[in-house]
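Following: one structure in structure tokens, then a few remarks.
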Amino acid sequence: MSEQERFISPDEVRHVARLARLALDDDEVGRMALQLSAILEHVDAVRRLDTADVPPTAHPFPVENVLRSDTETPSLDRETVLAQAPRAENDRFRVPRIMGEAP
Amino acid sequence: MTGYPVTNYETVVGLEVHCELATATKLFCGCRNAFGDEPNTNICPVCLGLPGSLPVINRRAVELALRIGAALNCSPRRSIFHRKNYFYPDMPKDYQISQYDEPINVDGWLELPDGSRVGIERAHMEEDTGKTTHVGGGGRIHEAGYSLVDYNRAGVPLVEIVSRPDIRSAAQARAYVDELRSILVATGASDGRMEEGSLRVDANISVRPLGATEYGTRCEVKNLNSLRSLERAIDYEVQRQIALLESGERVAQETRHFDEGDSTTHAMRSKEEANDYRYFPEPDLTPLVPDAALLAAAAEGIGPMPAERRRRLSGLLGEDSSLATRRDGSTDQVVTVVDLGLDELIAGAVAAGADPRLALARAANEAAANPEEARRLDPRAFAALIKMESSGQLSATQSKEVLSELMSEGGDPIQIAGRLGYEQMDQAVLASMLDEVIAANPQEWRRYCDGDEKVAQFLLGQVMRASKGRANGKLVAAAFASRRGSF
Amino acid sequence: MASPAPEFASLAEIAESVRSGRISARAVLSQALGRIRELEGDLHCFNEVTAEVAEADADAVDRMVRDGQDPGPLAGVPVALKDNLCTKGIPTTCSSRILAGWLPPYDATVVSRLRGAGALLVGKTNLDEFAMGSSTENSAFGPTRNPWDTGRVPGGSSGGSAAAVAGGIVPLAFGSDTGGSIRQPAALCGIVGVKPTYGVVSRYGLIAFASSLDQIGPFATTVADAALGLEVVAGHDPMDSTSLERPAPSLLASLAEGVSGLRVGIVEDFLSDGSECGAAVVAAGEALASAGAKVDEVTIPELLLGLPAYYVIAPAEASSNLSRYDGVRYGLRVDGPDTETMNARTRGEGFGPEVKRRIMMGTYALSAGYYDAYYGQAQKARTVVIRAFEAAYRNFDVLLTPTTPSVAFPFGSKTEDPIEMYMCDLCSIPSSLAGHPAVSVPFALSPERLPIGVQVLAPALGEAVMMRVAASLEAVAPREARGPVTP
């Protein structure tokens, strides 16, 4: 494996692209492997950081319990929404056949 | 179910039950939470996941989730939401906001009517998905020509209750779901309608040789739309796995689909690799801390759970009955007097001197026909009625009539009985009826006097006919018996 | 060579003139529209010019004035909005093919507040696709050109908004800032750009890039105008759970208070030898010292962790936020034999190369086996940065840095190597990670007569002191160093 492939290989790129539902042709896969490797090399400092006693920060500020009351608010007009749909039928959004079952 | 003896293997089942919460609005937006509305009429930028939209947590959903946790003896925890990332057309954002390793309720248990306990690992919150219908092609989803999606259900609040793998049989699994449903309905957190999808069950099933301590490989079985399906799926899956192991093969860890048509399971044809959900904490939401206000609201109006109420009633009745009324024909679910909220009525009647078994019978059979009216009954009036029947003053038929009127009109059962003409028959009139019947049926009378009990029914029936049903069967039988005795 | 354009009247003056009836909103608007006709061909600031909407807005304002009502603090002020802010019924594209032609059915909260204050929506401005970039070269609709030199970039991702103000088209524009996307274009265009404290301005209706970092903020030619713009849009919004429960900050009142006694820290770590941007910061420090501040150097090497941490966190959140663009409910759809293929083709064709790169990077960083090493670590690095700031702010009230390491660069000069482009955010990222506010103030001209901005950083909710310092710098900065200019 070359230096630049050290961080991510074309096969891994294909796997990630499947997870992300991105269609990439072979050229793109190759280029992506190189570019992602460069980026991963750049961010490696983060991976190597000693964070023994450091908790992660998910939010800049420690706010808790932001809640709303269980009261109804107006919904959107169905026609307006379906008008934006790439394909609609019988008041629903239409998609081509689904290969997998819902997880 | 042909097959391999189950005796050398132990069945191990864990159940994941998804329960829709009975809130007015969805989990993260103010759209109506309702079943059966016209498609795509309860949607907004948030539950449709439109660009720029943001979720805001429904306080009532949190209260109900905590309430469920408490009813299942869980400990409430500080919790956060996570994003579960995967693509599917019924998911508007192509990620589901759920809870991962910091859920709101942990480490509880559920007690079954037979006294056994099933551990509850967690009961966490998450949003529901939309609904897809598949059009064209054969039955299975991937044979369909295309699919249509309705997002009304997207964003409805769910609590997912995950049991520990403590269940050891299909029957126990069924009992678990029955009891869980009772609890959920009793807390008011859910209407528990499996047939409407507000309660959904997935089963994790494995087997292991008797005496083994390690768990076998488990399969997850989905598409269990009824309790019957649940039982059949477990039966089939256990047999399947045993057959594999017995022939030296391994059980593959996979997700399987239950086929209602032939009661089998088969591996789901899902795409390539197992899902990598890439969970990370939801940055658009804040953590939930079960503070005093939330816990108080969760505990509000929550009475004793079904198990406790059953225990009280059993203690009162002096028997360990299942207290069941019936198995609902369409939903196939067990409905007990406790479920119907009639245990207070029975307990009150017994306290007022009514015969416990009769009180239970009338409550479970007749009163249960209209639970709402039954719950409004005054236990003392009910007790008075029961006493009239057990003393023989009213026949069973008459008692039921009075009860029916008592339920719909209220009032005093004694007065109702009078109005209906159910007062006790004149003793002289009764005696003369007996005379007539004996005179008209001398052979039968002789056989009865010789000790033939079977003919007693015939004689009784004759008196009932003559009295047009007004005679009290018990009294007539007693009268015959005493006549014979004096012969 | 660009030449200075006539300065705008201040926002307060415009609003006052319109409110008093001295000038009509229509008249103010026609100036802006005239400038668009003149320059838009050269600059390409806008994805959509909304002349009719603005005219209707202006008529409404003028009607209110005639009726003796107060149209608000921005009455008649023409405003341009970055095209990742949802505007009801008006195309909102994020400069991406995947959203070309999409009409949001709702307004972002910021948009409602601006129109409620009497502002006139003149158009939606160009950006790097989905706000990912530092030059606006990643727009699917062609780049925007810097009014100071149309062969150079205006910066990004909010390049269109910055250029619209810098080119004298509108006195106020809004953009979004995740790692520097308001501040860097402000610096490259010689105008003021503010990123508020995270949570001060509602994100509802801002099409998400990185949820824990995104903020909306104003561009203007003066600090006072930027402050007023921020005041109008800031303040708690119940539709955004991350919105701080505080009213809008009050900034204008204290702007002129000066800097006497304030402790100012020049962050050494961002001053590389001989850079003109670094020299400007040093000069700014001297100016503040002359005005009575206590100015010192400080080294905070942990801040250099910011860039690598950001380039894990931001793509990770983005990869999830952009999953919803799947061709199902809105936007581009590229057909396929099945949904999975349709999703992949739609996204493959609809997203540009930088967006795809970041989605891939983010998906990888969150994926099984890599989460701890990348995302997990990056969130910890974030804590390190926050703690380092906390330590520094014990000794200083504000910090000074270059806004960005270089002045406006020629088109195509940084597009070969993504990392080179990422380096533009070196100085702006740390405050984004910490959720702190920051402002870029034009302060100097480079030898090539290109604007240089100085960045003032303050701790969370330190907008007032931050803007005070900015105003002080503005007062002594050469007039020629700031826009508007005519290309």
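Note that the chains are named A, B and C in the order they appear, and that numbering of residues resets to 1 at the start of each chain.
The rule we apply is simple: a contact is a pair of C-beta atoms (placed from the backbone, for glycine too) under 8 Å apart; a residue touches a chain by one contact, two chains touch by 3 or more.
Computed from a predicted model, the values in this text were never measured in an experiment.
S.K.: Based on CA centres, what chain would you say lies at the far end from chain A?
M.R.: The chain lying farthest from chain A is B.
S.K.: With contacts defined as at the top, give the pair, B-C or A-B, that has more of them.
M.R.: When A-B is set beside B-C, the one with more contacts is A-B.
S.K.: Between chain A and chain C, what distance separates the C-alpha centroids? Give it in angstrom.
M.R.: So the centre of chain A lies 24 Å away from the centre of chain C.
S.K.: What's the distance between the Cα centroids of chain B and chain C, rounded to whole Å?
M.R.: Measuring from centre to centre gives 57 Å for this pair.
S.K.: When the centre of a chain is set as the mean of its C-alpha atoms, what distance in Å lies between chain A and chain B?
M.R.: Each chain reduced to its C-alpha mean, chain A and chain B end up 41 Å apart.
S.K.: Would you please write down the residue numbers of chain A that are in contact with two or more other chains?
M.R.: 18-19, 21, 58-59, 63, 66, 68, 76, 81, 93, 95-100
S.K.: Residues of chain C that touch two or more other chains: which are they?
M.R.: Residues 102, 105-106, 212, 238, 241-242, 323, 326, 328-330, 339-340, 343, 363, 367 of chain C each touch two or more of the other chains.
S.K.: If you look at chain B, which of its residues touch at least two other chains?
M.R.: Residues 45, 48, 56-57, 87, 89, 147, 149, 271, 276, 278, 283, 285-286.
S.K.: Touching residues of chain A toward chain C in the complex: what are they?
M.R.: 8, 12-13, 16-24, 28, 32, 35-36, 38-40, 42-47, 49, 51, 54-61, 63, 66, 68, 76-77, 80-81, 84-87, 93, 95-100
S.K.: Going by the contact rule set out above, which residues of chain A touch chain B in the complex?
M.R.: Listed in rising order, the residues of chain A that touch chain B are 15, 18-19, 21, 58-59, 63-76, 78, 81-82, 89-103.
S.K.: Within their complex, state which residues of chain B touch chain C.
M.R.: These residues of chain B touch chain C: 45, 48-57, 83, 85, 87, 89, 92-95, 147, 149, 271, 276, 278-280, 283-286.
S.K.: Flag every residue of chain B that touches chain A in the complex, lowest number first.
M.R.: Its residues touching chain A are 23-25, 29-32, 38-45, 48, 56-62, 80, 86-90, 129, 132-134, 137, 141-151, 222, 255, 257, 268-273, 275-276, 278, 281, 283, 285-289, 291, 294.
S.K.: Across the complex, what residues on chain C touch chain B?
M.R.: 85-86, 92, 94, 99, 102, 104-106, 108, 203-208, 211-212, 238-242, 316-317, 320, 323-324, 326, 328-330, 339-340, 343, 363, 366-368, 371, 375
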